[in-house]
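What follows is chain A paired twice: with chain B in the first complex and chain C in the second.
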Partner chain A sequence: MRFAFTEDQQLLQQTVHEFLQAECTAERVRGFWATETGRSPELWSQLAEMGVTGLLVPEEFGGLGMNDIDMVLLMEEVGRAGLAEPLISTAAIAAPLIRDLDNAELSRAWLPRIAAGEAIIAVAHTCNAFVSDAHIADLILVRHPQGDEIHGLVRDQCALTAEPANDPARRIFSMDWTPKPLTRIAESGRARRLWADVLSRGALATAAQQLGVTAKLIDLAVAYATERKQFGSPIGSFQAVKHHLANVRVQLEYAQPLVYRAAHSVATRAPARATDVSMAKSAASEAAAAAAKVSLQVHGAIGYTWEQDVHVWMRRAWSLGLAWGSAAWHRERIANAVLDQNAPAESFGYGASIA
Partner chain B sequence: MDLRFTMEQQKFREEARLWLEAHVPKENLPSFDTAEGFQAHCEWERVLNDGGWAMVPWPVEYGGRGANLIEWLIFEEEYYRAGAPGRVNQNGIFLLGPTIMEYGTDAQKVRFLPKMASSEEVWAQGWSEPNAGSDMAAIQATAVREGDQFRINGQKTWASRGAYADWLFGLFRTDPDSERHKGLTFVLVPLDAPGVKVRPIEQLDGEAGFAEVFLDDALVSVDNQLGEFNRGWDVAMATAGFERGLMLRSPARFQNTARKLVELYRETVASGVAIRPALREAVTQAWTGAEAYALNTYQTVTRLLEGGKIGAEASLGKIFWSELDLKMHETALELLGARAELLPNAPSAQGVGTWLDGYLFSLSGPIYAGTNEIQRNVIAERILRLPRK
Partner chain C sequence: MKILVCLKQVPHKDARLEIGSDGTWIKEDGIKFEINDYDNYALEEALRLKDAGEAEVVVATIGPDRVTQSLRTALGMGADRAIHVWDDSLANADSLGIAKVLAAVAKEENFDVVFCGLMSDDSNYAMVGPMLAQLLDIPHVTAVVKTDFENGAVKVEKELEGGTLEVSQVPLPCLLAVQTGINEVRYASLKGIMQAKKKPLDKKALSDIGLDGAAVAPKLSIEKIYTPPKGEGANLLSGSADEIATQMVGKIKELGLL
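Right after this comes the complex of A and B.
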């Protein structure tokens, strides 16, 4: 039992942190909003160089061969920077999915390209109404609605309709497609089982990003409250302001271990991983949503402008809140697992069996 | 990161589980805030101590088992799972004990710790005074050094278990010209010393859960000074840290409540009562919250085992567990519906369990161990580094 990251993991996090703080400034994020794709091929290839896109790609295919626990801290940094590149679908979901499908041809075709930053993969999942980043995807992974089949589409095998969204960083699409033998990349029970982990990995990576978003929203509010004066004092010296911020800090503190535990559960294929992920995603979504409200309130009118940066992360909090299952959706999944079964649910430590 | 228990830890769990299964009283003991219940709880502590399970994380020479903090958490998990009685000497074993371990002389350790572990001596905590609540640095009770004794005058209040306890630890002003945090000394006071008068106070549940302690020229040996003269504040802050943090409220307590809440939910569903979605959600949130608290504690323990310390983060935990506990009990009462108000001896009280009593106690969580407002101030100023005033 050791609930902490290794020094190597923290070092990698620090490296990515420094890179993103320098390269992915709020100003630059706003710059991407204005472009047609909303994405930055330059940042993407730099992230690939650092090993981020290929983190979960086995070494024999040019990746770092790491696992979901290594990934979670990096996703936190991505959230903190407000970076909207399709790392969740490509690096956190598709790479391990293709890895685990154990299909040599498929692996050879895609894993080296993911690691090299030469392929972007979108994932269509029924828990999301829309497909994120389908417009730039080299491959769109989707499950056959009536079967144990995973299909991989290229863009001209489906019809995409852009759905402009509240978060300008978000690029989502309605997708029409027809399954064809040609597009099938995996079938069988194994494909079905692996598809269940697509949701777990999507929700986990999103939850991790939300931890970063929450921390950033708190940081912004603290910085502002320290500097802004009213009644002759910094507003951060007023207790109402302090208590608002302390409350979201508490929420962050207790969302974090749920996310880290979920990463461990996914990496070790723990039987309760789906529920663990739901706890992580619901708690992180709630923390981020609360932090967004509080950060805005602490900023006052300046926070209510387009110009001020609070909304960059506020909109991230909202859009990530909907992605890969909302808090309410995940809570219902927890309820199904914990309340609706006859057997007592497993709880951490306390419920451990001694067999 | 490895969130699995080792073979050794599993063996420890099994040992604890088997021992507890064999020894935990089958019937609930009466409240330890009654004279009868207090005795029964002390008796149970003796059984625990004879079995070597009273103070699992303490060194063997002081009556402990020499276990590490992970094992301590495992023991707590098994303790709550077994439905074992509340710890009557919690102010001693969880708060003062670790403080003596850190600040006490060898003689003090030998004198106080084994009897604390066995609950031969039960402790009360004497911080609060009529004019020093949240503002603990406003303490007025004085201790004047006269040769090898302190002459103590003043009043302490809200001392939990004070009605039946043998000893009180507290802060006293030893420098008459001092103000606030300076000039205070941490002194251990036998409650049977001449000049000490204890007046029990009934709590919200009508039992004498705490007491006022009047000190009128009470004489106490200077050997009972813990830590340095006039530097008691630092010692008290360590104790308060144990109180907010890890020791006093270990996660199993809340996981146990969450599990009972889920059982109550299932029983309510089975009885055919329609449950509002919001209530279903509240049960889910309770379960998730208890898990989060447990996981966070394992993170903290890992950090401590690797040489880290608990600082102001204890305030995050204090808010979280007290609000979680309150919310769980409120949810349970809602599930009980009209029966929520019944006392255990009511003819229709079957199945209401101890939720009402637990609810009353959970209401005190945001008050004791430093109110949650004070904790929020601490978080804002010491963790977020917002300006003080």
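Right after this comes the complex of A and C.
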């Protein structure tokens, strides 16, 4: 069995990496913060043209028909670039959700538009306090709290209130809405199962972005520690600095396989996918938080300045850490799976007979 | 129109380069490679011709197995097929050896235009293009910054020193060695890369194109590569502008440079 990404997957990652390196510089990301929507229709269109928005859209609807394993490496690059466009909600969650609804009308209405970059979809999930990017969403997916129903709302079917965010890349909203039969797109057990996948995909894609954010924060700190001299030597040569950076690198190395494993579990619908995703998200969140702290510390006072780019990724680390369940929230979910008196083994992918 | 684009895979611009143990080249283990930047512009120029009408774009490269990734990228950008030539005897090939191999590839088909980059980012010789044109007995233009194809010929603008341009009319077939900045290079799309798997990629040995190791044996060998040592003894002049100017003139006279 091969436990590695294929050459194709690596080539796709490198292609997106090079595109984002050139088109999504820190300066450009800062530029998006100052716009009214905080988003770049031009970049979104380029991402769609490249095939990123339609990666999980079936080929018959103009997408690439690929899976969550292919997606995870691209999300890593999105995190590395500090890009906050709504790829998680639109490309990683909504596209497979609509695909899995088996609703021909809905698929025809939305999947080609997602692939073409003509539709942005937001997702309101109770593990997030607010809804990201609802202000530009063509469709908002939400679960009715009093029933097992998933609803799809267009913007005039809900009332949005902008909320403050410490990451200027984020645009978050609280939302009031009333469920109506017309907006219902799934119900009962089917809705419950699909909504569980929404959480898995949201947490997985976020964890993958956190890997990229962590790697970037390490790169920034290493570059600064190599250049900045004290006592006649680069500060990176001092153990008090390099050990901190090495520790974060170790955390990243441990988080990476957990995220890749979770991607495999989600793509193959493994029974343990919920716990695999929680292990990935908690490890990736902790790695990103540690990277933010250490990178800021290595930069010293200059790290607090607006001009230094470290805060671009530090804020991403903080906001992604809270999105789709914090590390603590996911650890609790793992603990509940371990301590579940009824089906502890099944939570980790083992059948009853094996247990 | 049938177009050949010659590509070279070079170390990635972000790769951390170290000189190899024999001192004649860099360590290639563990570094990333990419398509030579000049060649990207050459490929884009060919793809624009294809977009504008009937044209087949064939990319060719020489190198070990790793170069297939660059060919896949080129196919993902829109090239129709790829040719990969390799033989261990090409490991130390010089510009003439490379040009002979590309000429043998080109002679197997009747290409109307051969595009290549002006030079490579790693060795900077800028010789393969002109040598290849000579071996194919076709006209060539280097440092091309604009092309306009019409009626079996191409009007070419070539960059000269100081921002001057030279305009010439070249009959087809011809070879054009392209300068960077001639166009805006497209990105390979993910769809293009997946479709590229279905496009032909011909692997050829030297014997397949009528050559052998002796024919491409290098006439030029690299004695060593090294990082120039940092200079010592820099004098920092201080004072007002007049004082600095006076000190500088004195120094120049002292060194006998005036």
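Descriptive notes on the structure:
In the analysis below, the second predicted complex is superposed on the first by the 337 of 355 C-alpha atoms of A that agree within 3 Å, B and C clash if a C-alpha of one lies under 4 Å from a C-alpha of the other, contacts with A are read in each partner's own complex, and residues count from 1 in each chain.
The definition used in the following text is that a contact is a pair of C-beta atoms (placed from the backbone, for glycine too) under 8 Å apart; a residue touches a chain by one contact, two chains touch by 3 or more.
Just so you know, these numbers come straight off a predicted model, no measurement behind them.
Of the two partner chains, neither chain B nor chain C is touched by A:A137. Of the two partner chains placed by superposition, A:A92 touches none, neither chain B nor chain C. Once chain A of one complex is fitted onto chain A of the other, the partner contacts of A:L258 are limited to chain B, with no touch recorded for chain C.
Touch criterion met: A:V250 reaches chain B, while chain C stays clear of it. By the touch criterion defined above, A:K242 lies against chain B but remains apart from chain C after alignment on the C-alpha atoms of chain A. Judged by the touch definition given at the top, the superposed model places A:E49 against chain C, while chain B stays out of reach. When the two complexes are superposed, the chain touching more residues of chain A, out of chain B and chain C, is B. Shared-chain residue A:S233: touches chain B; no touch with chain C. Look at A:L12: by the touch rule set out above, it reaches chain C but stays clear of chain B. No residue of chain A contacts both chain B in one complex and chain C in the other. Here chain A touches chain C in the complex through residues 7-8, 11-12, 14-16, 18-19, 46, 49-52, 55, 64, going by the rule given at the top.
Residues of chain A touching chain B in their complex: 1-6, 69, 218, 222, 225-226, 233-234, 236-237, 239, 241-243, 245-247, 249-250, 253-258, 260-261, 264-265, 268, 279, 282-283, 328, 331-332, 334-335, 338-339, 344-345, 347-352, 354.
Chain C makes touch with chain A in their complex at residues 32, 34, 69, 72-73, 76, 187-191, 193-194, 197. For chain B in complex with chain A, the residues that touch the partner chain are 1-6, 9-10, 13-14, 17, 70, 73-74, 77, 80-81, 251-252, 255-256, 258-259, 262-263, 265-266, 280-281, 283-285, 287-296, 298-299, 301-303, 306, 313, 316, 319-320, 373, 375-377, 379-381, 383-389.
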